[in-house]
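In what follows, a single structure is set out as structure tokens and then discussed.
Each chain gets a letter, A, B, C and D, in the order it is written, and its residues are counted from 1.
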Amino acid sequence: MTGIALLGAGRIGQVHAKAIAQAGAKLVSVFDVMPKAARAFGEKTGATVCDSAQAAINHPGVDGVLVATSTDTHVDLILAAADAGKMVMCEKPIAPSLAEARRCIDTLGDRVDKVFIGFNRRFDRSHAKLNAAVRGGEIGSLEQLTITSRDPYPPPLEYIPVSGGLFRDMMIHDFDIARWMLGEEIVKISAEGGVAVDPEIGRLGDVDTAIVTMVSASGKQIVILNSRRAVYGYDQRIEAFGATGMLISDNPSETSVKRFDASHFAAPDAYATFFMDRYTGSYRAEIEAFVDMIQSGGKSPVNAVDGFMASYLAEAATLSCQTGRSIELDVSGKPTWDTPS
Amino acid sequence: MTGIALLGAGRIGQVHAKAIAQAGAKLVSVFDVMPKAARAFGEKTGATVCDSAQAAINHPGVDGVLVATSTDTHVDLILAAADAGKMVMCEKPIAPSLAEARRCIDTLGDRVDKVFIGFNRRFDRSHAKLNAAVRGGEIGSLEQLTITSRDPYPPPLEYIPVSGGLFRDMMIHDFDIARWMLGEEIVKISAEGGVAVDPEIGRLGDVDTAIVTMVSASGKQIVILNSRRAVYGYDQRIEAFGATGMLISDNPSETSVKRFDASHFAAPDAYATFFMDRYTGSYRAEIEAFVDMIQSGGKSPVNAVDGFMASYLAEAATLSCQTGRSIELDVSGKPTWDTPS
Amino acid sequence: MTGIALLGAGRIGQVHAKAIAQAGAKLVSVFDVMPKAARAFGEKTGATVCDSAQAAINHPGVDGVLVATSTDTHVDLILAAADAGKMVMCEKPIAPSLAEARRCIDTLGDRVDKVFIGFNRRFDRSHAKLNAAVRGGEIGSLEQLTITSRDPYPPPLEYIPVSGGLFRDMMIHDFDIARWMLGEEIVKISAEGGVAVDPEIGRLGDVDTAIVTMVSASGKQIVILNSRRAVYGYDQRIEAFGATGMLISDNPSETSVKRFDASHFAAPDAYATFFMDRYTGSYRAEIEAFVDMIQSGGKSPVNAVDGFMASYLAEAATLSCQTGRSIELDVSGKPTWDTPS
Amino acid sequence: MTGIALLGAGRIGQVHAKAIAQAGAKLVSVFDVMPKAARAFGEKTGATVCDSAQAAINHPGVDGVLVATSTDTHVDLILAAADAGKMVMCEKPIAPSLAEARRCIDTLGDRVDKVFIGFNRRFDRSHAKLNAAVRGGEIGSLEQLTITSRDPYPPPLEYIPVSGGLFRDMMIHDFDIARWMLGEEIVKISAEGGVAVDPEIGRLGDVDTAIVTMVSASGKQIVILNSRRAVYGYDQRIEAFGATGMLISDNPSETSVKRFDASHFAAPDAYATFFMDRYTGSYRAEIEAFVDMIQSGGKSPVNAVDGFMASYLAEAATLSCQTGRSIELDVSGKPTWDTPS
């Protein structure tokens, strides 16, 4: 049975622990900087509580390491796990800065394919079907890609200053979706950001409403719309327009009930959900893919370079938004700007 | 230019007058038992106001006659128009009683095809498309047909006693839809009627909520659901289930606007409409078909026998509902019961 | 931890075994008439393999018994489990004949509430939401109920003679749905059955296409449509029409992908699924409800009387279809007919 | 009866002629540079055929002038009609160049409100409902606006060089929609254009696939997606996202028929339509608005300044696409660039 070490016993760690059991793998060891949280977690799951991340990684029976700690520790833990010869899955983003992300992939070298970055939306059933259909040629050449991504409500204000900003924290998922859909790199990016949801977010130096336009190496056009608040619920859609058709991965319905009365006609249920509900299935599918990767010794479906490139786009978008200029990009992820980010 | 005589200048007559103009035909003459209404109508449309129905029928330039008078005059006016050698369109039902309807088709003889009964729902764009697809073999052999027909609100109570009852007044449209979809006759009928909308309707001897089950000559199964009140608006649907597929003609949307907010998700507009809104297009298409029939000298698309057979089914349903028994029917429309209706 | 004994290690038994684990209960013992199947099952799940049903029921640690054996053994096993003081869940139908079903509830007496009949559709997320909304008064008084239930393809022909016929084998689910939606008993039933799918089914004495109309004690109207074959996939819908609105539990979508091309516009994915896919969630929810019932010592949500009444309706429908007459029913489930069934 | 002079008897002129009759107005006079076309038109409609545009304008009984001639004549004819004291409706665009458009509004002065520019999409039932809801505060403050506009197929190649390019010819409608939805001016625009549909279009110096991002004076974000070819039919959607909700004006369905078979599930009809079908109703509503404006002597709902501002945005988008830079705009429509356009 495949054994997993879990680093970080917070909320997302607990989601993963459940998915690990359902995927038929075993949670062997756990480490958290809060010993109490780690102990509680160990008692609940039967995993051995370790004193250090390294101990958890090295624990007998561990085949793969799941990094669910705070972002500033990601690179060191990825490298530690890789150095111990383990497969590793790490929550997004790969690193708190582009320089750190670059250090990670440079140090990993050939081992970038042993690292699985947790861009879980790729594992959503509908998004995955859309992607497979587009890659399978169902709409011919992809020409325009529209990604809409709106949270139901903004994060707590105290999170804003440590978030890295909307582009690095929230839109990074959409940058990954774009690269995944395109199968090629972005060569130009232009970002508009504004403050429409909460003026406090602006005062803290961030934006809460943004549109990013990108062009890919072969000339495909991409637009991403983000908002920190959608009163109608978590809004996550992909529209792929191509030469021979269009495919939309729409928001799913929670039930198939439709309501008809004096003020409604064929109205689906209201939809007040967030990522834990919407992407329950994709968290599970993601862990299954990680267990498969460990068992088969195969390549990561979302490797460290994917993690780096999403951060590269987030960095460029942040800069474009700040300067009001569009930015030409390098397909290998070399910064084309002087500003240290 | 095709010339039309209009008998009856009431509400539906005015709808037809507009459709006649849009169909490129000319309203030549008009008669109404209320001289004042006729005059007002003539002034507005330019049609010659006549002293009698016969005068309107015989007026120079009249090619076709449109009967939009009260039901008790239908048969005499149809026959008068036919005797004058005109094509005639008559509002449903063809007659106030089955005996009268029988007299009409017996007297007409071969001329039943010169008479167009105004079952306008056959001319609804979506219903017509469904019918053409089914007749064209798109779902293979038709096996089950579900017709839902609910009015937004009941008629005024004073109308109930003169209406003939739900089956003869309201469900008659659905009987026609059933025969039109099947392309064959009904051999068995069973009706359930109840009073759920308004106890006054029951006190007046009628039902307001009904389900009718029928079997066709070749064994196809049909169910019709009627209610005199649907708070969400006029509900008119056809579901045709067959060996190789299913087709549904659903309620149309008034606009393509969808609403998303804290209590709605992808909710279409509320839909509070009735037949004049829902079937605007079919009234127009019906008149166009009548004008075509006049110009081409062709056969009626909904002839006097169709009018008779719908009344025959309404009669049988009324009886089945009253007796609680299912009734075997005769494909030529001969009453299989003793009760004089 | 709640312990379960499983009687019958076939396909549905395996579905339940998985659901038991997910519900946090423990499969303690297992029995199957095929010792080999039982052993394989025991090895896979860790359950103790027993030589007899009674031994499995009496095994230490067993709190509840899950009966997933062939229909002819249901009553004896339900009674054995009940006599041993266990809660019991039994697959539908409760018994192979109405007389047997009657014996079961008569023998159980007060213990009918300790028995949970596996009408799993009640636990479907959308159906359950519809039911709760209707019972909660959202559409006012329920007036018309339409239940559509079509299988994607007929069962193997060899199954037909032992199935009991469409009404007892297939429509029995819909009879249960009807009673569950109504919250009261049926007083009149009328069935039409035909052979449209496969003439062999007719030659074997069964029908494959049926419409049943029913009236409840308070006058509500119900129609059920069944077919043994729907080429577009498993078709399971409920439409509840009431005084202040309508609710539809439609077929769910497998994904939220929509397709647009030269021959499609906003077309959802094709839907070729059957009950194991459609009702995966409801099998799970059903077992959770059973575990809850054991833990809380509460009443069964679908008790032995519910199982009996569904069989009573199936019996009456079969008779109505054979005789062409509608049948008045007794709310206590007393047969109103002489024909021994 | 309101009298109209029609200048230009081509295809769109004929659409208008029909709408004029339906609006209860009278087509009094007509002029076309092709005398033969004018004569044929006059015979068909009963309008007096005039030798010159001025004669048609001055014809007795003319209250309003409808300019449906080639773009290069628009400004002169608008001014001629205005000088003759007539209300005037003119097809978009107002002029072939921004300088000409500027000359038009400067010469008109206060009379800009007597001119109605034919941005007919504002009169589409669903778009109009969306607009009214947004202006009525239904979604709170508008924050992001997405306008999708794709033609079913590109125009003939010979049209490309005289079209003015995608931004001036096609996207000009969307610029107008944006201003109409916002109720304020644009202050920043950035355009990406590419050639994905037909390389010949690129060789002729135009683009066929474009995304434009704009920011309004108060910081609202707008994105427009255009393509010259959508195989699934004419794609015209507006998505308005705001503080308290979202509204989408989706593509309408031609019928309400849904198809279910082995490869389709709830699939609406295919949708191969173009503007003459999609916007039939809006052409009619537009003419009704023009007749109303004449009769009431009111202000134009889409005046000459609206015509100018759409051209201003088209000009700026063209320049942004050519230079790869975003462009800051002036709310009064003063060019902020040196390049003569």
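The rule we apply is simple: a residue touches a chain if its C-beta (ideal position, glycine included) is under 8 Å from a C-beta of that chain, and two chains touch if they have at least 3 such contacts.
All figures in this text were calculated on a predicted structure; none of them were measured in a lab.
Counting C-beta pairs in contact across B-C and across C-D shows that the higher total falls to B-C.
The chain with its Cα centre farthest from the Cα centre of chain C is D. One simple way to say how far apart two chains are is to compare their mean CA positions; for chain C and chain D this gives 59 Å. Note on chain placement: the centre of chain B and the centre of chain C lie 42 Å apart, centres being C-alpha means. Within chain A, residues 230-232, 244-246, 251, 253, 260-262, 264, 269 each touch two or more of the remaining chains. Residues of chain B touching chain C in their complex: 141, 143-144, 146, 148, 150, 188, 190, 192, 194-197, 209-211, 213, 215, 219-221, 223, 225, 227, 229-232, 235, 241, 243-246, 324-326. Of all the residues in chain B, the ones that touch chain D in their complex are 22, 125-126, 129-130, 133, 138-139, 244-262, 264, 269. For chain C in complex with chain D, the residues that touch the partner chain are 230-233, 251, 253, 260-272.
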